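Letters are used for the chains, namely A, B, C and D, taken in the order the chains are written, and counting of residues starts over at 1 for each.
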Amino acid sequence: MSAAPSSDGPTPDREHALFLLREMLRIRRFEEKAAEMYSLQKIHGFLHLYIGEEATGVGAMQAFTPEDAIVATYREHGHAIARGMPATVLMAEMFGKATGCSHGHGGSMHFFDKARRFYGGYAIVGGGLPIAVGLALAEKLQKHSGVTACYFGDGAVAEGEFHEALNLAALWKLPVVFLCENNLYAMGTALARHQAQTDISAKAAPYGLASSAVDGMDVLAVEAAAKQAAAFVRAGNGPYLLELRTYRFRAHSMADPDLYRTKEEIEEWKKRDPLALFDARLRAWGLLEDAERARLEAEVTAEIEEAVRFAEAGPWEPVENLLADVRGPVKS
Amino acid sequence: MAEFRMPQLGADMSAGKLLRWRKQPGEPVQRGDIIADVETDKADIEVEVFVTGMIEKFLVQPGEKVPIGTVMAFIREEGKPAVEAPPVFPVAPAPAAPSAIFPPAAAPAARAIPAAAPMEPRRLHISPVARKAAADLGIDPATVQGTGPAGRITLEDIQRAAQARAVQPAPEAAPDRQTRLRQVIAAAMARSKREIPHYYLSATMDVSRALAWLAQENLQRSVEDRLVYGVLLLKAVALALREVPELNGFWREGRGAPSADVHIGVAISLRGGGLVAPALHHTDRQSLGELMKNFRDLVQRARAGSLRSSELSDPTFTVTSLGEQGVECVFGIIYPPQVALAGFGKIVERPWSAEGQIVSRPLLTATLSGDHRVSDGHRGGLFLAAIDRLLQEPEKL
Amino acid sequence: MTKMTYREAVRAALRKALRSDPRVFLMGEDVGRYGGAFAVSHGLLAEFGPERIRDTPLSESTFVGAGIGAALGGMRPIVEIMTVNFSFLAMDQILNNAATLRHMSGGQLNVPLVVRMATGGGRQMAAQHSNSLEGWYAHIPGIQVLAPATVADAYGMLLGALREADPVFIFEHATLYPLEGEVDESAEPLEITRAAVRRSGGDVTLIAYGGSLGKALQAAERLAQAGIEAEVLDLRALRPLDIPAIVASVAKTHRAVVVDEAWRTGSLAAEISAQIMEKAFDDLDAPVARVCSAEVPMPYAKHLETAALPKVEEIVRAAQELVPRHG
Amino acid sequence: MSKDEIRATVLRALGQIAPEADLSQLNPTRRLRDQLDIDSMDLLNFVIALHKELHVEIPEADYPKLATLQGCVDYLAGLSGRP
């Protein structure tokens, strides 16, 4: 399967297009505010920003319904926002507050939302893949129609669990859409320096999976490819591996001096900033004017400011609850 | 005016060194522009600004290392009126470590370091349960020979020592046995006088009815089953203890601990000197015949040195009787950890007024030594009165 | 009551669970067509079909992770890892996901998963197939760890584990599978946090679990002939440890010997000894003794393996050293 | 039974209740209570021992007659005449 075409194609529906733009802008501004809060010591520990990859998170998420299950990684802010989790509880979680989506227990790498079937971020590279296989197995055994979307990075393809998970999903024909966000770097190691075969979508065939790759900077192309993959899986054809070729504009994490790549390379990719690309195409289609864009910017900025206020105001979980939630309530 | 502070650039970073500014005061900046390079212990990092405006003033010069949060520059935000730069306050020290952000965790209660026990002359090699038993039995562990590994004193050693208080004419040479017994008695008596605030009461009782009943009773009994007078006293005391229960029990951990059971310790003098007070278990529940049989057996075993440890450590009250040695009135010392002791003297024929007449009656003086921490004279008096009343109806004992 | 072996008891419990709860399914290496490496699941594939008795590829991390995912997705999976020796490949899924998700998600997610594995040495399988590492699992908050030592417990504790809302790990000592015993298949699932006194006595407490219980009981019989009455305490649960039961027994006997097939350093026996020192110090008449495996990779040769494993004579000798010489 | 045999029996009984005493030094006419440390329990055991050895019933009323060694021997000799 070759890369999906990213030519202009037909003009998209205006309302949906503006929705996609707004979602990507919300993620961008959320991540910028997170970086600011981190430098002001409001957020501690690890923080992995999604800036540059917004199109893969938002585009692919359109292929999944509330009944589907989502499994993500530690670079999950974009996935959580695209899945519908409010910016308030995410910011509060990174502030470590009890009002955070994981009550301050998880932090930036471990957002969870049972109601939205967002089964969280996993900080062990590849750790989420077996979980996704299990969720899909449960759907199949219970004769449910749900599909499981499993996001992971190019680094995970080097883990044994990637190979075990693809094989088991294909062996048992499980409804999983493996979404590999290939941003070309596993922290400080470029793809070509850790994989003999760098075409990730080509790794599916040996395990009997259908697969394809798409330009991760084109939100419409990503959406189309993801919907095609999800339809394939929903039809009971077994799992699908979709490679989303993208790039991160920021370092791996706040503590990363980013010495392993050149400024020129980053600037080159920034020319295909998914937000800027889509903004320009919408204007070209006459679907977006300055006033509309400015209103969008103001609304998103206000939403993010409100998220910070919500996080600041949130209470700390009392230390007395330290041992709560280790195991369930003792049965009567 | 917006402050540009030294940012947090890594999980374990506490300070950063400014390498150089990328802009100069008066230059405009956009949100996201790189305006400085900072050196951390990991690497040199480009630092972005989060506001759009114009650089007003630098407060930190290249080459200076400053803690995170230090204000390094002022930026007049675009669209905000030029305002006199706020007076520069000495930079507040970087917010204290996390505890400033998190509510101060309850300071761990200062661990009360137990005052080091006064160093015993030589650290006793004794097991914990043996140490506790020694304290309960009022035995000084230093006097006990340890038979455990490497000479450690075990529980059994302490129990044997307690039994040794009833020193058996064991093959051990008499003087040695004698001195060790004396030491044990000395330790118990000294502790009793030191710790227990004794009060003493005495009462004289007409025992004519009891003696008459006893003589009559013994006529019907074979020689082996004959009762001695002391048995009547023991049963009377046991029943009286039921009426004044606080006299029956122990003093433990700073408070009285009455015992549900009545085990009267009977003071038995040993041949060649020394004293032991083993218990007659459940004295109050035994018939006079049973009491007599058990009492005889107890005396014989005490004098043969084969008492059981439980008999030595169990008495809840002690009775001493020195009548046969001619003593009329004896005020005894309480055996710790017990809380009372009764004493009986010689039966003496004496004038006594009955129904306004002076008659001759066999009289007995009964005494009570009580631990004032647990009971007081008023209750002690009721106890002696109960004994007197019970002895008037010997057939009911 | 029916007479059956330990493996038949586990099979009976699996069958009862599979029949009574459609969410229950069994997954593991060779549990289906082969009938289980220790023949525990023999016949279940024919009765319940390949959907609910699932042979897996040799991908421990992923099929244990899939068990966790399926539990999150509404099932009640029973995952069999052939032996504890292969479980280290899945330790990341067990520790970082199974044990952690409830807390890390702020109480939203729970993982109702039962994992069974054979454990222990004594059958000349050599180092890589003879490990006893229940103690590693008993270290982890968030999971429960069981060691059924009797046929009745093999049946009742599995059913008890299936009622839990959080992960439970059951270790079945490989030498116990042929053990014969009585099972009441109509009985309620057993309580799974309390220890059981298998033999009462007043002179010394022998604390054991799983494959070591038999050795402790044999030692108790020999001690009785030497006039020492040993109390034998079967832990049944390794997390949480039944500390009150341990303390109560030591308070009675004043002496304790802990029998644990793991290596002595950092073992469960070390934890039990520390708990006794902390909670029953004033009742101790002698230091707590431990009888564990020698600190060596389990040798193949029979005489060496026997020398390495805890032995009845060692338990008897340890107890005798604690109890003061009689007569 | 001759007086000497009775005397030996009495001394044996006394030996049971006062093992440490040197009976050869006993003054036959002085009160036993003044020479040996014996109380009412010892006296009862002494009477029981005599009862077992000599099969005699000694009523409590006769206890005063047993006050001295000589008294014992004379009293018991008087009794043993009876069947």
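For this structure, a couple of remarks:
Here, contacts are C-beta pairs under 8 Å (C-beta built on N, C-alpha and C of every residue); 3 or more make two chains touch, one makes a residue touch a chain.
This one's a predicted model, so the numbers in the text were calculated from it and none came from an experiment.
At the far end from subunit C, in terms of centres built from Cα atoms, lies D.
Subunit A and subunit D have Cα centroids separated by 111 Å. Taking each chain's centre as the mean of its C-alpha atoms, subunit B lies 40 Å from subunit C.
The centroid of the Cα atoms in subunit B and the matching centroid in subunit D are 52 Å apart. Computed from the mean C-alpha positions, the centre of subunit C lies at a distance of 74 Å from the centre of subunit D. Taken pair by pair, the chains that touch are A-B, A-C, B-C, B-D. Within the complex formed with subunit A, the subunit B residues making contact are 5, 7-13, 31-32, 42-45, 48, 50, 68-69, 95, 98, 101-103, 105-106.
Taken in their complex, subunit B has these residues touching subunit D: 169, 215, 218-219, 223-224, 226, 228-230, 269, 271-272, 295-296, 299-300, 324-325. Put simply, subunit D touches subunit B in their complex at residues 18-20, 37, 39-41, 44-45, 47-48, 51, 57-60. By the touch rule above, subunit B contacts subunit C in their complex via residues 127-132, 147-149, 152, 154-156.
Within the complex formed with subunit A, the residues of subunit C that make contact are 25, 51-52, 54, 56-57, 59, 61-75, 77, 92-93, 96-97, 101-110, 141-142, 144, 163-166.
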